[in-house]
Amino acid sequence: MKKLKVYDDTGFGTRVSDQGARLINPNGTFNVTKKGVSIWERISFYHTLITMPWWQFHLMVVGTFIVINTIFAFLYMLAGPKFMYGSQGTTWWDYYWEAFFFSAQTITTVGYGRVSPFGIWTNILASIESLAGLMGFALITGMLYGRFARPVTKLLFSENMLLAPFNGGTGLMLRVANPKLDLLIDMECTLMLSWVERTEIDTEQVSNPTSSKPQIREIRRYYELPLERKYINFLALSWTIVHPIIPESPLFGVTEAKFLNSDAEFIAKFKGYDETFNQNVSTQYSYKASQVTWGARFKPMYYRSETGSHTVLDLEKISLSEPAILPSPAAIPIMPDVLHATADAGINS
Amino acid sequence: MKKLKVYDDTGFGTRVSDQGARLINPNGTFNVTKKGVSIWERISFYHTLITMPWWQFHLMVVGTFIVINTIFAFLYMLAGPKFMYGSQGTTWWDYYWEAFFFSAQTITTVGYGRVSPFGIWTNILASIESLAGLMGFALITGMLYGRFARPVTKLLFSENMLLAPFNGGTGLMLRVANPKLDLLIDMECTLMLSWVERTEIDTEQVSNPTSSKPQIREIRRYYELPLERKYINFLALSWTIVHPIIPESPLFGVTEAKFLNSDAEFIAKFKGYDETFNQNVSTQYSYKASQVTWGARFKPMYYRSETGSHTVLDLEKISLSEPAILPSPAAIPIMPDVLHATADAGINS
Amino acid sequence: MKKLKVYDDTGFGTRVSDQGARLINPNGTFNVTKKGVSIWERISFYHTLITMPWWQFHLMVVGTFIVINTIFAFLYMLAGPKFMYGSQGTTWWDYYWEAFFFSAQTITTVGYGRVSPFGIWTNILASIESLAGLMGFALITGMLYGRFARPVTKLLFSENMLLAPFNGGTGLMLRVANPKLDLLIDMECTLMLSWVERTEIDTEQVSNPTSSKPQIREIRRYYELPLERKYINFLALSWTIVHPIIPESPLFGVTEAKFLNSDAEFIAKFKGYDETFNQNVSTQYSYKASQVTWGARFKPMYYRSETGSHTVLDLEKISLSEPAILPSPAAIPIMPDVLHATADAGINS
Amino acid sequence: MKKLKVYDDTGFGTRVSDQGARLINPNGTFNVTKKGVSIWERISFYHTLITMPWWQFHLMVVGTFIVINTIFAFLYMLAGPKFMYGSQGTTWWDYYWEAFFFSAQTITTVGYGRVSPFGIWTNILASIESLAGLMGFALITGMLYGRFARPVTKLLFSENMLLAPFNGGTGLMLRVANPKLDLLIDMECTLMLSWVERTEIDTEQVSNPTSSKPQIREIRRYYELPLERKYINFLALSWTIVHPIIPESPLFGVTEAKFLNSDAEFIAKFKGYDETFNQNVSTQYSYKASQVTWGARFKPMYYRSETGSHTVLDLEKISLSEPAILPSPAAIPIMPDVLHATADAGINS
């Protein structure tokens, strides 16, 4: 019997002492900070503008608008209020506000014309400002489109993973659903386990023969867990992803106490195709050991509508579960032949 | 001989009593409604604006335009008509309309200037409105582009599926064509059957030994039906998709009466590449049991043009068929070796 | 020994009498016209605007601009010239041109304001026009972006295919290169042969035993031709695609006369990835039997630059060839083991 | 034991005398120039505008703005200064500048209206200019969006490749990291070796039997080098790509002197998926023989943050290495079974 595929590294490293508390943050980003390159090399201006919250985006636009108008108002005042043809007022502040709003009318290209530029310098300033305004709003147009057109795959995940009875044995389960109206098809899931394994090291003992206590070496290991079903054609309702606890599973026979002590993290990676946006989409989510409930099963989250014409998916029930008694840890799930065939990549007898 | 691949779930669930009338709507969307999350989490603003009909989109733009101008007209009146420099009139309504159209000139950044803002409050209002106008039209620019640039794969499907004579046996057929001028290449089809299977349950009988009538359990089963040809290089003309009714097919030997009673639904999923848009495209379509014609064959829908220089595809004939006598239900289609090889994923001897 | 894979249909149909002169036009489009659906269903507005030549696109924009201004000029005249505040003139035409250019200033949102709308009707017209202008130019913005941002894979093909000496036997060759500066990687080629095969039909003879001349049935057959190399990592220089004329090839032992009489067409389909646009790209090209040169070989089209620092690709030499003597038709190319392995999908011993 | 896969061509050609100094430039482009087609066929306007540096892009916009305004100023002067209604001045230059800034106000559609067009010719010019302005800025809008929205995969590569001790043998290593905040997933690496091999040619000796010195033929060969790990799920930290120097490797037993004389170039090609942009991305990098350090090993470039909550990736350390003693050239790395399985495509025993 072949052993389960072990990854020494999935891109997160194996040295336990060099790693932070978790690999994937709850929002799907990597729990990594980067240093050593300047902020200009590190950040993507586009990325920042695309992913900042809406209120921040609007605040930034309005803030920039005010700052630029203030600067140009001063420049127009410097060129001289009399070169703002038609501006009226008695005090410096009167003229300043005329300049400020003239600037606003210029940068938005409204250009009412009650106040208009006169003389070379004011005209040059106004030309530069209107050109800059057009370029700036061109940029904002692109950003707004980019923000809207980006398919954000916000899958809904069950709060916990469950260790549930499964085909006479035990299965580790999580549940996902698509809260959006987008049509997601060809969804594929990869479930990885990352935990710390402890092995006794003999070499240490040899170099230090008087020590009677063997040394322990900690190493972070990665496993791809075989799934009952890796792929579905349509993510129309909910999808319960099941890792059957067969003897080949690294979780087989592991006690809850040992499990909680392993710094385990389950990473679920999803790839699929968004038919609304005609784009490939992907997302990931992670569960820490403390988020695994021992002995529970998911309750259904969809039902037939009252008229009987369609199915209703109740997204509030994504995490709804009931306690369930697990079979003996040695019980092995009965896997249909077809599942054994699917799981061949990882497991083989 | 291996059995045909059975899917317990393709994303639509298996509990018969919890499901609506059909899985896929005639327009390709899922027959599912979602509840339990707020409308803001559920809907994608972009999705809605991108997929609404054109008249609705234009109505929305014009409606928003009128509403916003009405609001700003009131705000300008509140700031005082005299601060709309150049506005003329005698009655309140005269000034209101001046304000309304001044607002329209501001939000579109036309800014003729016959009427122009004067004083701080009116100027601030006008600045906000022109900025909002630019942002709003930036958004509309993006939406219009998104609406146009989205490759909508509108394949034309034959109204019915046909059970037709095929290579000495019977084949289940549907026909598709591309009505658009886009070049579709590398088209792949997956045909799934979903129906309700009834099995007698012995366990019930055991717990209730006096009952002489065995209990019936209904379960929804999903099959991927092997096709004569899953893939074509170019969707230039029509494509007749054929599922040969070989002994491994779940439809082999099924009578029309039993079939109609099975709540069967055929889901045809298509994936391909649109060379005009340089994008992957996909679509799905479904047929209910009542849409299957027993004993008919498609008539050709293309012919050589009169000049002989090119081929003409007559899309009106997509559903055109003629009656045909089916062979005995036990007759098996003669499959060329190559087809048996292609079908290996699903069927094996 | 397995036979070469035969396709009964690649999306172009098999009935010889129903087909036009060629399958793929020299510009890569399908030689098919479509009828039976209204033009609105058939054409894609976006597709048309994206693929029309530049002069036509600009003409359309300017034409629409003139037409819409003419219409609005009449509407403004209808509302009354006196409601175009500030318009000057003596004759009807004077006022008409004022109206026409006022319209132009409104639709472009320049709005100088020498002439400005006055009164409800003119103001409503002007509001509608400026809104329509913004929407129209939003559309044009999208179209211009779409036209520029679309990766047009314009591969350069050799004018003819060559039957050339190849590894002691014969190979059918074509040559491609990328004339653009885009980086094309992971290029894959599929070469198909479509020709008419003639078989004697015995059944006809049986039903008509007095006829001594056997009937001939014509059928169009499609073959995927195995290639020496289907895939290259980088399309940096030229790529010569070679189909070795091994005994399994349908072209093995075929005489030039028989070949020219077969209505043969070779379709070369290319797929790859454009690193400049970060998009998958694809294109196809076809050669008719008359475009195959018997006994010639391509001359190199790249050389080391004078400074020795880089390689020069001379695209003018894409079709450059020299006559070459072909070995006996029975000579078989010596294929390295690795090639036999690659060709396994199609040929097997 | 099967031999390692040899590519005769990866798209770069095999004739040594016809090639330039390196295949891939340090910035990832091909070291090839193209001639023989006009510049219009060769360059992509979009490509150029998208990839030019920002300062150049802005200079181009400002330059075009000035040139077009200068041209239109002359045209307005030609039509006559009196047809610029409201323009003021005494000298020709006074009127010229009025015309110049009127042009600027027209092309940006600010249109203050202090100066406005009067008479047919000036009005026609102004209409054309405002239309051209809208089209031009539509184009710039698209370009700005294109520039920002393009996922530029700027992977950080170690300056040198290292020949380092690896599992009891030797491995050829390079290290990459993602300096950007984009999430890169499903990264795949292909490492190719291109070098010149020299073989004695007997045929020459035969035709010239008096020559006692055998002739040398140089040919450029391409190898795909098997990797310890070709694929990682997440590029969260650094990724050290290792080619183990097993006996099947073309580098096995090669001395440093012979290696430096081989004109070797290693090409590393990366493909992956950018989750921020929802797009496939790819890039390549190359190392010449002189960039390979014999006997060194990479030092770690990530560590646990002080708070212990996350991992810190220090990008400055990407090339940081320390000297290491290589085992005897005949030592073979101990490969886990799983690696042998992964490497099956290339190597087999």
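To keep things simple, chains are lettered A, B, C and D as they appear, and every chain counts its residues starting from 1.
The definition used in the following text is that a contact is a pair of C-beta atoms (placed from the backbone, for glycine too) under 8 Å apart; a residue touches a chain by one contact, two chains touch by 3 or more.
Just so we're clear, the structure is a prediction, and the values are computed from it rather than from any experiment.
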Copy pair chain A, chain B: interface residue numbering same or different (half cut): different
When chain B is superposed on chain C by its C-alpha atoms, the rotation angle in degrees, nearest 5: 90
Maximum centroid distance from chain B, chain identifier (CA atoms): D
Distance from the mean Cα position of chain D to that of chain C, given in whole angstrom: 28
Between chain B and chain D, centroid-to-centroid distance (C-alpha), Å: 39
Residue numbers of chain D (touch at least two other chains): 105, 109-113, 141-142, 145, 280
In the complex with chain D, residue positions of chain B that touch it: 109, 111-113, 141
Contact footprint of chain A on chain B as seen in their complex: 5-6, 8-13, 15, 17-21, 23, 28-37, 41-51, 85-86, 105-106, 109-113, 115-118, 120, 123, 126-127, 130-131, 133-135, 138-139, 141-143, 145-146, 150-151, 190, 192, 267, 269, 271, 277, 279-284
Residue numbers on chain C that touch chain D, as the complex places them: 61-62, 65, 69, 97, 101, 104-105, 108-114, 137, 140-142, 144-145, 148-149, 154, 156, 179-183, 185-187, 229, 232-237, 239, 273, 275-276, 278, 280, 300, 302-305, 308-318, 338
